[in-house]
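Two complexes follow with chain A in common, the first pairing it with chain B and the second with chain C.
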Partner chain A sequence: MANLSLRNVHKIYAGNVMAVKDFNLEIEDREFIVLVGPSGCGKSTTLRMIAGLEDISQGEIYIGDRLVNDVAPKDRDIAMVFQNYALYPHMTVYDNMAFGLKLRKVPKDEIDKKVKEAAEILDIGHLLDRKPRALSGGQRQRVALGRAIVREPKVFLMDEPLSNLDAKLRVQMRAEISKLHHRLNTTFIYVTHDQTEAMTMGTRIVVMKDGIIQQADTPKKLYDMPSNMFVAGFIGSPPMNFIRAEVKGENDQLYLVLDDGLKLALSEQQQKLLKEKNYRNKKIAMGIRPEHLHDATLEPLSKGYNEVKTTVEVMEMMGAEIYLHVKIAGIPAVARVSSKAEVKINQQVTFHFHYDKMHLFDQETEQVIR
Partner chain B sequence: MVAKTKEKIGYLLTHGFLIFTCLLTFIPIWWVLLTAFDKRVSLVSTEFMILPKNPTFDNFVEVLSHPKFLMWLKNSFIFAGGTTLFALTLATLSAYAYSRFDFPGKKAGLASYVIYMMLPTTAALVPQLLIIKYLGIKNSYFSLILIWSAANMAFAVWNLKGYFDTIPKSIEEAAIIDGASRFQIFTMIMLPLARPALAITAIFIFTAPWTDYATSYLFLTDGSKFTLAQGLFGWAADFKTVSWGVFCAGSIIMALPLTILYLVFQKYIIGGLTVGGVKG
Partner chain C sequence: MKQRPVKNLGWILLGSLLAMLFLAPFYIVFINSFKTPKGIFMNAMGLPSRPYFTFNNYVEAFIELDFVRSFLNSLFITVFSTAIIVVFTSMAAWMLVRTKTKWSTFLFFLFAAAMLIPFQSVMLPLVNIMGKLGLLNPVGLVFMYLGFGSSLSVMLYHGFIKNIPAELEEAAIIDGCNRLQVFWYIIFPLLKPITVTVWILNTMWIWNDFLLPQLVINKPGWHTIPLKMFYFFGQYSKKWNLALAGLVIAMVPIIIFYFIAQKHIVKGVTQGSIK
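Right, the complex of A and B next:
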């Protein structure tokens, strides 16, 4: 168990390629931190710097109170689970799990006890004599987790551990890793490109892009209050719709005008904010999540709701819901409505959405207006 | 129906041809076996035989009790074994370095091996002879071990490097995090994983000194260091003192270790040990 501190961490590769830029993060003891972002965003590099597999070009990493920049990986009290499991193919499951302890000269009976305990937690007790090649993907990943557990590290590092598993197994293992976190009660740092994994597992999520932290927050806050268009578009599935709009209005009353002339009402708070920040007569991006576009036939108009009329272009039946692909003011958008809605392709449809659900972003900086 | 018959005839013809050529290549070997296990003295015969007329083990008894033959056998084992050990140790270490580390001259080093392989063996003979002379190790076991090791390094390094390249880096990284040192990773992870490649490379290295005649003929003047190939050739040239039957028995004994090696390590030639450790 330990807290972690990353201060002004940079990773610069040969040729001045900046993989991670000024990474600052305080990780509390027992947190489940998820680093998420598209490939090449620097999330794995950050994890590997914490592990000690990559040098830190600039900045400091502390595990507990100890500066670990120049500490060898084996002395950092961490364990890591790799995307491709990285089991030792020539060793049995037992030996794979015991290897780290043997190197640390832990007494044999203690190794035996720890391996068997971990095997029981992961339900792989019956596989201890097998070689990795005789295991399924899910079993291999359990062994990789087991190898980390027996070490009883202060920090668990996981580099996309589920991305080689099939969809069903992934969901199952996701829950198991969460359970494991509760059971072991230690700090987890988990890297993934899958926002669903991030949202379901993390106590806090760090969204990265181009080596820079975009936002580090709880899943709920990331979803409800994304700090920029990237985060807003990355978190949530299907992603948030962005529609160009101009802030218009005379006197005190401000509203948004879409490209097709449709007027959208703003809450008093939003109006006040836009006035303060001088957005009158300026173009902004209005973001609205697909689930906040309600089918008008199922939800009558009431105070605070805007209305938009459009035509259904594509329908995707998901079971409990339908994804409707439409255009709002000429811009492709998706609405996520109940499958009770009776809609057909090419049919006119009206959506209601509350102005509180609208996210307002600066068109140029792509930052949320606040 | 017609197509099927045609296919069948084609199948029979190709296989008939293949079996015929196999038999053809096997005839000399069979003839050696016949001569070794038969009492006749001549290598040439007008009689057609499939099995020995007067079967005997006398030739083997004679060859194995011949003091020179046993000396040559011992020498061949020392040369081939020594070369294998020496070249394999060096090649494994350098192949691992070439596979895993970045250092100045890496590309040039690897390329130099290829260039060396492209040179005709004879081109190196004179310089080798001079080096051996200057080192003052002429007629020693080490002199030829050195030459055969050098001759096999290029193949061995490339072959082993190619295999190390296929072992995912993450396995080593997992070991680093588990607390293994570079040396421990090399000995406890990489070497066991490279067993198939090591076995194949070892067999190839072993084969070279074992079957080579020209090198030992050129470099060795001391009869007590002669190899089997060299000694047997001497017998073949001087068939007055030794019968053909004994010569053939000697040849069979010489072929045995390699045959056994190939049979034993067959599974490694097919084997893929890394299967299962990582995904993909």
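Right, the complex of A and C next:
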């Protein structure tokens, strides 16, 4: 168990390719940190730098109080689970799990005890004599986890461990890894490109893009208060709708005007903010999550809301809810309404949404206006 | 599926003919090894018959070949040469695959290019240099075999190692392996199928090699089986009966070796396909 500290970490590859740029993060003991972002955002590189599989071009990484920049991976007290499991094909499950302990010259009976304990936790006790090729994907995944568990490391590193599993198994393993985190009470650092995995598992999520941290926060805050358009669009499924708007106002009253001329009212607070930051007569991006667009006939809002009328273009029935694909001021948008809603394609719908559910972003910097 | 007996028959005939063609030399060697010299010249293709039938060829050939000694010499040279080739070339190929620099590419092509140089064009300077180094003996021979054998072996290993995921090595490093341990505990066991191939190819070649030992080994006490065989073919007389019996004796160990190793090849190939 340990806290981790990454200070001004850079990774520069040959040819001046910046893979990770000025990465700063303090990770508390027992946190479940998820690094998430599109491919090529530097999340795996960051994890590999923590593991010691990649050199750190600049900056410092501390595990506990120890600077580990020049410490060999085996001496960092970490364990790692790889995307393709990386089980040794010529060894049995037992030997795969025992290998690290054998190298560390742990007494035989102790190895045996630890391997069997881990096998029990993961429910793979009956597979110990098998070779990896005789296992299913999910079982291999468990063995890979087991190999990490027996080492009792201070930090668990996982590099997209679920991406080779089918959808159903992925959901199941997601829950198991969360359970494991509670049970082992250790620091987990988990890399994924899947925002659902990030949201469901992480105690804190680090959203990355182009080697730069976009936002590091709890899932709830990330969702409710994204700090820029990238985070807002990346977290949440279906993603947030962005609609161009211009800030207009007579006297003291500010409001938004969409491309088709529709006026949207703003809350007192939003007006104050836009005034302070001098956004009058400027273009901005208004973001609204699909679930905040309420079907006016089914669940009308009473106070402090805007109204848009539009036509349903595509309907996606998800079971408990329906995704309605529409256009708002000519821009494609998605609304997520209850499946009780009685709508048809090409039918007119009216949506209500609260002022304070609108996210306002600067059109140029893409940063939230706050 | 429809059976086409006529067409199948054609294939079977063709196959049998080919098999006979390939087996003919073995047949001739084997049956004539049981004949007296007179019997061989009277009827080389027929089965040995009474007055000319003899087992004596084997006894004499065994003694003339000094078989136990020359067998051990061949064995020593073959085992050590192939062992060194396997260890050195597998390690070299591993490093060449995992090191991505201009130099490693250059080295790899150097290995490939070396295959194009005919042995005959380098043998005299080689013997000259090795003589100056005092290495014209079985130990020197082992190193020469390493040199001549490494090109093909490195190529074979190189192709195989490319398909081993680097994550395996990273997992081993995190588990606590140093470089050498990664190689011996993880990589080398995975190379088994290709190692068997490399091992067989080199064993066949070195066991049967005549020219290089002829140039290098000048002490009769160190002569290998192929060198000893040469004594049956003098300038004025050829002892065919002994030579053929000697050939049969010499073939036995390598054939046994081949059948043992073959099982592993087949196993290795299927193992790879499941992955």
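Keep in mind that, in the parts below, the second predicted complex is superposed on the first by the 369 of 370 C-alpha atoms of A that agree within 3 Å, B and C clash if a C-alpha of one lies under 4 Å from a C-alpha of the other, contacts with A are read in each partner's own complex, and residues count from 1 in each chain.
Here is the rule we use: a residue touches a chain if its C-beta (ideal position, glycine included) is under 8 Å from a C-beta of that chain, and two chains touch if they have at least 3 such contacts.
Because the structure is a prediction, the values reported are computed rather than measured.
Once the complexes are laid over each other on chain A, chain B and chain C cannot both fit and instead clash. Once chain A of one complex is fitted onto chain A of the other, the partner contacts of A:V207 are absent, as it touches neither chain B nor chain C. Of the two partner chains placed by the overlay, only chain B lies in contact with A:L135; chain C stays clear of it. Comparing chain B with chain C, the partner in contact with more residues of chain A is B. In the superposed model, A:V150 lies in contact with neither chain B nor chain C. Applying the stated contact rule after C-alpha superposition, one finds that A:N164 touches chain B and leaves chain C untouched. Once the two complexes are overlaid on chain A, the chain A residues touched by chain B in the first and by chain C in the second are 51-53, 73-74, 78-80, 82-84, 86-90, 99-100, 103-104, 133, 147, 151. Considering their complex, residues 168, 170-171, 173-180, 184, 189, 192-193, 195, 273-280 of chain B touch chain A.
Here chain C touches chain A in the complex through residues 165, 167-168, 170-177, 181, 185-186, 189-190, 192, 274-275, going by the rule given at the top. Looking at the complex, you find that chain A touches chain B at residues 51-53, 73-74, 78-80, 82-90, 99-100, 103-104, 131-135, 137, 140, 147, 151, 164. On chain A, the positions that touch chain C within their shared complex are 51-53, 73-74, 78-80, 82-84, 86-90, 99-100, 103-104, 133, 147, 151.
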